[in-house]
Every structure is written in structure tokens, then in C-alpha cells.
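Here is the structure we will look at.
Letters A, B, C and D mark the chains as written, and numbering starts fresh at 1 in each.
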């Protein structure tokens, strides 16, 4: 087989230089580019504006740590069990970043983008957005689907991150169609669902990331990046004020042996 | 068993508020705190200065992406094989962040910190640092250990990241004892080893992180945080300009069947 | 909060004994129960018959190793990069066990079970199965879905595992409705699709596992169990006849730097 | 660069056949080779005897599941959080298979093999083994190292797995030098340590695997293979009798916010 080559615009090095995204890493990136900015740049291969960085970093802050989530508990327990491998403890925590706990960001971004793609031209005022939102929420309700980004098990009367992210995006001139539609969903859904649910923080983060033009397939990836910083914080705290062994024992010492409950007995 | 409680200074929420590190997340963190700053804060529970953030983010930039490393290839191949799970592709890549490819940062930071801990008072001038470095490199050489942070398979005449990080740390007044000792190792090792090796970028990053007062047990964790951003960049590029299937085929189509080579035949 | 308890029928221990699935581990399981048998038992909480074990182990053998798959390459590269963590190398490989490379087993089992659930009574002869298969394949074709378990990129004229697993299941009296429907799909699909595709090995494994009464949600899990044995084999071979560094270099040395290709330029 | 080839004795396929370890997969492996036997064969590239399979499977049974260990809790929590990815839940659980909870098997096998390598000829009777064990335990004690395989936090007066595995190995004529030395350690250590500790099950498993001639670098891998079956059992039970959400809530609802505890304040 002929050898192939593998094109990339990311990191490259020669004996005397290292480039990243076409720039000299040492001279032009190190000391010049913030980490949020760099993460955005790596994902899009274009350097974001200051305003884009601010919105992006606000999203990362919103998603970095939510206390003793399953992902945080998993990272602490894995470190307890295998302290020789920090990479394993972080990876194990990230593996919980799936559909239920971190997936709302991506689901919401995709949901909004899907609706927008079908509507051209887009609404030009709040009344127009409300009409589109009403149509959308009604259609989702009728087909039995849950609208992503609505509801929160703790912040029942409003997630404090949501108005703040709307505000930051507006300040930076980055309040685009995804946020507009999401806000309209927040206004109109009580008329369809018969009760008022909060727009949750994970959802508004998805809307904001989509308005930043980030790839929809990777919205979950940004939530995972934020969470990596949070999990390092969890590990740092665990190292100094450990709780993982207590968590383990609180489960193990409360186990209760029950007889097997055979599955599929009728088969075979 | 009495229920325990689990203290934490990280994320916490009530129905109406979310706090992170004792601050109101929405009001005081989102839109106000950069992502590198937040990651530092989460890991140390103290807010870093602007200078500390600049050095920290320079380190993250230095470590974010090095092109087609094993970790990058692994993330792309895992995504090829399981595109339903972005978290799995990122976690798989991070699992390569062990002793060989990402571990130098931690090894070097620990090495320097270990030497410093044994020497009180610390040297006050370059001659003093050189003497300490000479003693250290000699001792390591005699016991057959490799000095971490020395040598690079590509940048044989100098890793461009190294002088740049020394410079940035000096600009910010954060050129502390770990960097001082590391620089001295760079000056004196040819006298002991009989050849001149470059101080590599991963090593200087470890020295700089240690001078920032970050926990030594987690230096690898910061390399992994940087790499998470890089791996998202790799995935984003893979989505648009895929190479993973070509990589897979370049291996699979060049496999060569050989007869089994029994191991441990003499046993049992 | 009141302490909860956590019921389980799996492993439990007291100072003087260990039980597993209600049996004395040392006396009744060790030395008495094969590993395939135990895996089945753990998953279903019922002890399988000898015939069930034979079919189950035939499936595991069929799925254990397929040479240089992405999962095998990933495990080898991760071990190259982080040789300190065998668990990381195995976990990284398993993370490729998703929808594309290992998922067919589960998809096919679920597909067949879904059809069977809708049809009561089930057919009693081949003509009846053919009619059901014809109706099913036609419906899937019309709704644009691919029928799971059909087609193979290498074994275009027939996957040798398929007839063998039908045979073993028949020998053990475990050729049930899932295998019957799958065989019928193999017979009738050319009439609908206009070409003849092989019934692939991953698909027939899913049908056989479903006929064994194993939980559909975990069919992928059994493929992963089989693959764990295969990945240990890959690591064992890598330790003695390493190829991972050559694979890495074949990619890295053939990288080609290209300019960034900005994404989402029009946004923001 | 010239294309390389990648030799392997594991799985290979042509359009009409699949071979595994040089045998026809469909004809000679499926239905003929048990799963424990296959795992051994894949790891060593030699087919084990019936006795070797029995000892090997007894080890796997001993290590498969120990109830609510950190690895089991992690797998259940990860599945709760990301139910879309069974592979992620299993991989997360395996990542806890490091030095503390699953590593004893490997540590003990390596320890015994290291001692044996230094002693030629090996003892020929119990008195000789006792002398070697006495010398070894004394030396380890003096250098402040813990002897692997001694002690258990629950089975303080004896781990029931240990005598059983000795017995099975003896029945199969596979009671070799590693088991002999381990048994002698059990007899003599009270004279050195001043108290009697049990030989634990993880340790005797390492000794038995080493006597089977399996590669020492992968002893942890076999523990992980056993545990994969156990974790599938945990997931299967979780699907039908879920406890992960209760575990999560028992931690989250008992969190206690404390003020940040700044680390490294004196630095920088």
C-alpha cells in the first residue's frame, strides 16, 4: 500500500520550531493567548474575538463544577482505588459526561439549531420569535418529546446562570438566533405545557455555544473541558480533605445481601 | 451507621443560588473569571494573580497539542469506532497521559521540589544554583537515574518553549526556585554528562507549575487539562477532514500473519 | 437523611466466608464453575445449562479478537504512551466498543427482539418465518433504515462464523426465535434489496445471545467482555513483539501541515 | 517512508476464512474452546492444559466480584449518568483497577517471581522454602517494605479463597515455586512480624497465575478480565434493582459547604 499522509493544521514541529494553528507557539501563543481563547481557536481553527472569549469562558465557568455530582464522586472513588493514575481518575469522571448529566448542553444546542435550519428567514422581533417558539414547543409536545433545556430539579423558580448568560451575550453583541429562540421558549412554554419551568443553565449554555458558531457535534466536548477543570479541583480537595473512603464505606457497610433474582428463567 | 457528611468548598447550590469556591457563580464568576484562572482557582482554592494566570496559561498553551501524538491518534480512532460517545473518545485519549508522553511535567516538578526540600537555605545567586545543580546531577548520574526534563527527540539543539517560559515567568516576577534550579541544571549538566542536552518544554512547564505553588501530585492533571483542549481540536478537525479510517487501514491492511510464539512453554 | 441500604445478590463477605450469587465462593464456585459460565451467571443471576454455556462461549470466541481493529490499535498505543497503567490501556480500547465496531451485536439482538415482541403467536415453520422476515425487511427498507446484521466489508460471500453458530445453537437445542428470524432475514432479503448480503458474525452473535435470554441492554457488554480477553492478548503480544511505536511513527512522520480551515466564520 | 508491516499471531481474516492463533476460528475454536481457556491462549499464544484452565478459572472466579467495591460503585454511577454508553460504564469501573484495590495480585506475583529469580537452585522441601521465606520477609521488613499478599481488612483470621486455591493447584499438579514460597511466607512471617496475618486471596491468585507461567506484566490484566464479568453483573443488577441514584443522593444531600482552604498561599 502506498504510504498516506495525514494533513493537520494543529500542532507541528521541526527541530527548531513548533507551530500551532499556523502560529509560532513560543513567540505568538505562549504568554499571549488565554486558555479559553486557545480552546476555542483549536476547535474552530479561527481566533475568537474578545467578546466571543468572554461568552465562551462564562459558559465554561457555568459548567465546571456542580459539587458532588456522579462524575465528581466517580473521580474521587477511582483515585482512591488507583492513586497511581491521575489520568484514570479524570477519564473515569469524564465518562459520566453522557446523555443525562452533561448532555443537556448539546441536546439543547442541537434542538435549537435544528429548528432554525428549517426557518428562513428568521424572525426579526420578539413577537416573531414567540410565534416560532410556540409552534415548536407545541409540535414537540404533540410528538411526546421533552423540550431540552426546560426544568431543573433544584432551581425550580429559575436557574441563576440563565439570565446572567443572556446578559453577558447581549453585552458582547453575541445574542444570536439560538439564544433568541431559547428565550422565546422560556416565555411561551407555559401556554403549551400548562406550567412554568425554568430555562436551565445547561440549556442556555448550549444556546450560547451554538450562537458562537461552535460545531454542534462537539458541544458536549466543551462541557467536558469545563468539567475537566472541575474534576481536577475535586481531586485537589480529595488529596487534602479526603471523603472517598467514607463514601465507599457508606455504601459497602450498608450493603444488604438478597437472594439471586433470576432473569430470563423462561428462556433456553 | 450514622450518616456522614461530606465537606466541600467547591460547587454548591440552593434553590435560588449557586456558589463556587464561596462566590456567587452567576454574579461573580461568569463573565468575570477566565477559564485558566478558574482552573487554577479550583485546584488551589485561592484566586491567582494576573501574573500567575499568565504563566499558568502559557504552560497550558505549551502542552495543549503536539500534533499526531499517540493520544491524538487514540482519540481519533476511538471516535471512528464509537462516534456516539464524545466523552469516550476524549477519555481514551487522556488515558495515554501517563509516564511516557505527558508525565515529564510532573516528574520534573517533583524532582526539583524534592531537591529544594532538602536544601535550606536556598542559594541566593547563580553560582549557588549552579553548585546545587552540579551536586544534584552528579548524584543522579551516579545512581543511574535520568534527570527529568533533559533531552528531546526532535528539538535536539533547544526546545523553543523553554526560553520563552523562563522569560514570561521573569516578566511576571514568578521566576522562583524551581525554575532557578532547572535553569542551573541546563547550565551545568554538560560538565557531568559529557554532552549538552536541551531543557525540554515539558520539563520547564513542570518547574513553572511548581513555582506557582500548585500541588505536585496534580501536575500531570494540568497537562491533561491542556490536552483536553487539544483533543477537542483533534476531534473537530477529524469531523471535517477525517484521517482516522486511513490510519486504521494503514495498519490493518499491512498486518502480517505470523505463527503463534508460545510464551512460558516451560511452565506448568 | 436516614441511611439507606443497598441490596445486592452478588458478592458479599463476612470475616469467615465469601458468597457469590448465594453460593460459597471458595467451596462451590472456585474450581467448579468455568469463567464463561460464571459471567453468564453474574449477568442473569441464574446458573446456565451446559448447552447455554457452550453457545455463550462460542459467541465470546467469535468476538474476542479481530486483529488490528481500532480498539486493538488504541490499546497498544495507550500502553506505549502510559505503560504504568494496564487498566488505562484496556479501558481505552474498550471505549471504542461503540456503535460502529462492536455495536452490531446489540443492534441486531434488539432489532430481532423488537420484531418478535410485536408478533404473537410466532411462526411455527420456515414459511412463517420467511413471511415475517419479508414483511420486516420491506418495512425497514421503506423507512430507510439498514437492517442490522446484514453485510460485511471483508466476508462478502459469507461470514464463516454465521453457519457455525447456527449449528452449535441447533446442537444444543437453543435455536430459538431470534436465530430463526435472523436466518429467515438471510433467506428473503435479496428479494427486497435486490442483492445478496451475508449475515455477519456480529449479528448472529446478537441473535444467539438474545435466544439465551440475556438482557438486551447488555448485549454490547458481552461483546466487551470477549474483547477484554482479546485486548489482553494484544498487550501480551505488544510486550514481546512491539509495533505501537512503528504505528505512531507511521502517522507522525507522514503528517502534513496545512493552513487552518476556519469553521463558523460567518458566526458571531 | 517505506510502509511497514505489522506482524501478529492473533486474529486474521481473508474473504473466506477467519483464523485466531493459527486456528480456524469457526471450525476449531467456536464451540470447542471455553472462554477461560481462550483468554489464557490469547495471552500466552499456547493452548493451556485442562488443569491449567481449571486453576486459571478458579483465579478468575476468586477475583470477579467483591460486592460494592469502588469499581462497582463507579460503574453503577457512570451508567446512571451516561446510560447511552455501556462501554463507558465498564471502562470507568476498570480504571479503579490500580495499585490499591486490584493491584495486589500483580504485586504479589512480581514479588515472588523476583525472589525466585535470585535463588538457584530452588528449595526442594518445606524446610528449604521456610528458610527462603524467612530470609525474604526479614529483608523486606528491614527495608521498611510491606510484604504483598499478607493481611486482609475483613478476613482477619484467614481468607477462605487461599486454602482453596492451594488445594486446586495441588490437585492439578500446578503447585509450583511461587505458591510454595507464598505458603512458606504464610508459615514464617509471624516469627518476623510478631503477629499472624492471613495470606489474602488476591495474593494467592498472583502466586497461582505466576505458577501458570503467565506474563508478570499482565497479572493485573487478568484481574481486570475477571472484574469485567463482575461489572457486567453489577450493571445487570443495577438495571433491574437500581441503587446508583440513592448512592448519589446519599452523598449529594449530605454535602456540607465549607469555606475555601487556600493551598500554596506562601508561593508565587
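One rule holds for everything that comes next: a residue touches a chain if its C-beta (ideal position, glycine included) is under 8 Å from a C-beta of that chain, and two chains touch if they have at least 3 such contacts.
The model shown is predicted, which means the values in this text are computed figures rather than measured ones.
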| item | value |
| --- | --- |
| Pair exhibiting more inter-chain C-beta contacts, A-B or B-D | A-B |
| Duplicate of the B-C contact set - from A-D, A-C or C-D, the pair where over half of the pairs recur | A-D |
| Approximate Å spacing (C-alpha centroids) for the pair subunit B, subunit D | 30 |
| Approximate Å spacing (C-alpha centroids) for the pair subunit A, subunit B | 24 |
| Sites on subunit A at which at least two other chains make contact | 1, 3-4, 6-9, 12, 43-45, 67-68, 82, 84-85, 87-88, 91-92, 95-98, 102, 215, 236, 241, 247, 250-251, 254-255, 261, 263 |
| Category of the chain touch graph - line, ring, star, complete, other | complete |
| Complex interface listing, subunit A residues touching subunit D | 1-3, 67-71, 73-74, 77-78, 80-85, 88-89, 91-92, 95-103, 236, 240-241, 244, 247-248, 250-252, 255, 261, 263 |
| Subunit D-facing residues of subunit B, complex | 3-9, 12, 19, 21-22, 43-46, 48-49, 51-52, 82, 84-85, 87-88, 91, 95, 174, 176, 211-215, 250-251, 254-268 |
| Contact set on subunit D toward subunit C in their complex | 1, 3-4, 6-18, 20, 24-27, 29-31, 33-36, 38-39, 42-45, 53-54, 56-58, 60-62, 64-68, 72, 85-88, 90-92, 94-98, 102, 154-158, 160-161, 163-165, 167-168, 171, 201, 215, 217-218, 220-222, 224-226, 228-230, 232-237, 239, 241, 243, 246-247, 249-250, 253-254 |
